[in-house]
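Data block below; observations after.
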Amino acid sequence: MRLPDKTRAIEEAIAEIKDGDTVMVGGFGVPGTPMTLIHALVDHGARDLTLVKNDANEPGMGIDHLLQSGQVARLITTHLGLNSHAIGLMNSGALTVEFNAQGILAERIRAGGAGLGAVLSDIGIDTELAQGKQVVEMGGKPWLVEPALRADSALIHADRADPFGNLAYVATAQNFNPLMAMAATCVIAEVETVLPLGGLGANEVHTPGVFVDHVVALGDLSEEYAVVRR
Amino acid sequence: MVARAAREIAPGMVVNLGIGLPTRVVNHLSADFPVCLHTENGLSGIGPTRGHDSADRNLIDAGGAYVSTVPGSACFDSATSFAIVRSGRLDLTMLGAFEVSATGDLANWKIPGKFSPGAGGGIELAQKARRVVVLTTHCDRAGNPKLKQACALPLTAGGCVARIFTDLAVIDVTGDGFALVETADGISATDVAEATDAPLALPDTPLPTF
Amino acid sequence: MRLPDKTRAIEEAIAEIKDGDTVMVGGFGVPGTPMTLIHALVDHGARDLTLVKNDANEPGMGIDHLLQSGQVARLITTHLGLNSHAIGLMNSGALTVEFNAQGILAERIRAGGAGLGAVLSDIGIDTELAQGKQVVEMGGKPWLVEPALRADSALIHADRADPFGNLAYVATAQNFNPLMAMAATCVIAEVETVLPLGGLGANEVHTPGVFVDHVVALGDLSEEYAVVRR
Amino acid sequence: MVARAAREIAPGMVVNLGIGLPTRVVNHLSADFPVCLHTENGLSGIGPTRGHDSADRNLIDAGGAYVSTVPGSACFDSATSFAIVRSGRLDLTMLGAFEVSATGDLANWKIPGKFSPGAGGGIELAQKARRVVVLTTHCDRAGNPKLKQACALPLTAGGCVARIFTDLAVIDVTGDGFALVETADGISATDVAEATDAPLALPDTPLPTF
């Protein structure tokens, strides 16, 4: 028994993405955002996409490239505060935005990855975020139904991987990546270092390779990954 | 039958082998066969079983057998382990059975009044693996058929079984009930039909043997 | 800013457990079962306990000691197959047993640890495990409500820890431990090695110390932790 | 006011400091003060902020500032990070505010038609931290009071705020509305009452200053 090899050229890895797909994108700010896969998706050209991402990065960075190119119809997110361009698109009606509480977005994605239907939560139950949500009674208390989220593809950034797709993250570049890596039909991971099988210890794996479909080795990192000067 | 069942595993699959007969399938997979074996207590990439003296006290499969890892194994918690199962990442599971019905219902966890230790992870494996096959003796110890028109015992999951490997035959569960696919060497279609408590469709072509 | 020290003597760590408490116990078979904390709880003597544990270990091992001493009124579990003694107590009515599908028990505990009310699942929906469960409609489909589980205390076994209670597990000794370590009011971890602060890398932590209340350093491990001869 | 707010942190607490003014509290905690700072993007044990040249590109707080770790820091995913918040493991959060009501309602994420970038993690912090305190200027840039009988803006969470630190005063939210606890040096109770758009209870004893 040996574990299969899932390393791919980047074009091959993202070839399956189609117009109208839902695509999850890891990252919280710069850390963990798969900048290179995002550029490949711009080149690929799939349109009418629904993106799921914590934030919209900053103007001219990360998923803002996909917003600029007009490939995104809908964005499921938690906060756009650092991207005035995204807020402009939202206010003009060119982009439909669905806001979630951050931890609830995380749980909805995780529920999708765990094969659950939904989670019940009381977060935001007395705020406008509760509007339009299904409510169920349990134990004499009302709960909001927060449906599981899955995607056609997930774009993941990891620090290290092996050819089977076991992934390890560093620092705050973990964020939504391990959750999204469970919740898509096709999971594509760009990684800074591809180690040989066995190079990543069984106990240091954050995302088991079972969840991952394609591993793309990054070359030298572009400026977009670097520390942002503010 | 175990060797025949092992050939059901296609290259690249993620596979869970249930407690009992299915566990033995691992001995029929070559060292360079590309496959990922999963066990629900939190390991992907199971390697060969270990004896007492070379065992790692912290490394067991769901049946309690001491196992090893392979290059690229990963360990995870029980929630992640069943996330793999329920989210459709398990290509195949091989399970034992008390009874299988002609519609693919599986009963393998409870004999009311006699045996009710709990279902463990069996319900999720049976309900959510992309393909569920059963590995079992054709009849129970008393000689009663395990393949029946309907299960009498409490179900593990309904309509989940695609194929059954027994000591007598390979049988598919089709939309029209059981269909004989292969027989064991020296076993006739009539032998299989007599040991099966439901109609058994025969193919028009000669039956392969295993 | 320095992180607080949570190392304790074992008696002090388990002193808070009271008669009638719900206690989660990590482990799947021998790996990850906190054998030493279990013995301390036998000595402590709290009665009428509800235990939450994947399995009942084997006769004369792990939580079987608590069953033998008559301290357990109720057991929430997935499988008792290796403990004939526990099955005997259940059949005689001396022990109330609630069976859960294994992954659903894991999710119910995780939901408790994540501050959710419940998860919606379709596992076992056409079996007798669904009997008596609340059903809700969502997206035109029925779903079982699987309520979150929390405990008064959780007994955890980890391989390594630092004094703040960051925990790391090895091999299949992980199992339910990281989940239960999130889901109890008082989380007590026995650990094979206590490293100084900083000795456990930030990226190799499985359970953040924020969830952990008491860290108990183990001395030499007893025979109960060893490979079982069958 | 930031220094005063820092004294609100008791030894041993797990604390989340919101974006804006609250983040500055970290500069008022000594190196040997026992506390665990949490940031919702996945880090417990935040150390001092880093400048551009010494920053780690992968290590930021939820506001995007480059931070450092301390011995014993741990990194985790966003689901685990909010599990900490929602399950009651966060002893204290310090948040900014647009408005706080006399019943402790907090509005800090949306000004309809002007500012609606999404609430991020604010709703969960406000609703689930064991103690929520607010750190804000007493009035907005136009001079309008932020402390009001009722919030006009969409709520972040209802009845969550226990205490408010402003440039003028420390004010508790009690069952009977706002109660003045301390004033800033040189500020009278009358000054505070005039800048507050709701009744303000005064203590019978002399007011401490900060």
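Think of it as A, B, C and D in the order they're written, each chain with its own count starting at 1.
Quick note on the criterion: a contact is a pair of C-beta atoms (placed from the backbone, for glycine too) under 8 Å apart; a residue touches a chain by one contact, two chains touch by 3 or more.
Small disclaimer: the values here were computed from a predicted structure and weren't measured.
*Asks:* What chains touch subunit A and also subunit D?
*Replies:* Both subunit A and subunit D are touched by C, going by the contact rule given at the top.
*Asks:* Could you tell me which pair, B-C or C-D, is linked by more C-beta pairs in contact?
*Replies:* B-C
*Asks:* Farthest chain from subunit A, going by mean C-alpha coordinates, please.
*Replies:* Farthest from subunit A by mean C-alpha position: B.
*Asks:* For subunit B and subunit D, let me know how many angstrom lie between their CA-based centres, rounded off.
*Replies:* So the centre of subunit B lies 56 Å away from the centre of subunit D.
*Asks:* Rounded to a whole Å, what is the gap between the Cα centroids of subunit C and subunit D?
*Replies:* Roughly 35 Å, centre to centre.
*Asks:* Determine the centre-to-centre distance between subunit A and subunit C, using the mean Cα coordinates as centres, and give it in whole Å.
*Replies:* 31
*Asks:* Which whole number of Å gives the spacing of the CA centres of subunit B and subunit C?
*Replies:* Those two chain centres are 29 Å apart.
*Asks:* Show the residues in subunit B shared as contacts by 2 or more other chains, in ascending order.
*Replies:* Answer for subunit B, listing residues that touch two or more other chains: 43, 69, 75-76, 79, 82-83, 85-86, 128.
*Asks:* Which positions in subunit A touch two or more other chains at once?
*Replies:* If we look for residues of subunit A contacting two or more partner chains, we find 107, 114-116, 121-122, 169-171, 202-203.
*Asks:* For each chain, which other chains does it touch, given as pairs?
*Replies:* Contact pairs between chains: A-B, A-C, A-D, B-C, C-D.
*Asks:* Residue numbers of subunit A touching subunit D in their complex, please.
*Replies:* 28-32, 54, 77-82, 87, 97, 99, 101-107, 109-110, 121-124, 126-129, 159, 169-179, 206, 225-230
*Asks:* Considering only the defined contacts, which subunit B positions touch subunit A in the complex?
*Replies:* So the residues of subunit B in touch with subunit A come to 11-12, 14, 26, 29-38, 43-47, 69-76, 79-80, 82-89, 128.
*Asks:* Taking the touch rule as given, give the residues of subunit C at its contact with subunit D in the complex, in rising order.
*Replies:* So the residues of subunit C in touch with subunit D come to 1-4, 112-116, 162-164, 166, 182-183, 196-198, 200, 202-203, 205, 208-211.
*Asks:* In their complex, what parts of subunit B are in touch with subunit C?
*Replies:* Answer in residue numbers: 39-43, 52, 55-62, 64, 66, 69, 75-79, 81-83, 85-86, 116-121, 123-124, 127-128, 154-158.
*Asks:* Flag every residue of subunit C that touches subunit A in the complex, lowest number first.
*Replies:* Subunit C residues touching subunit A: 107, 111, 114-122, 134, 136, 138-139, 141, 143, 145, 147, 168-171, 202-204.
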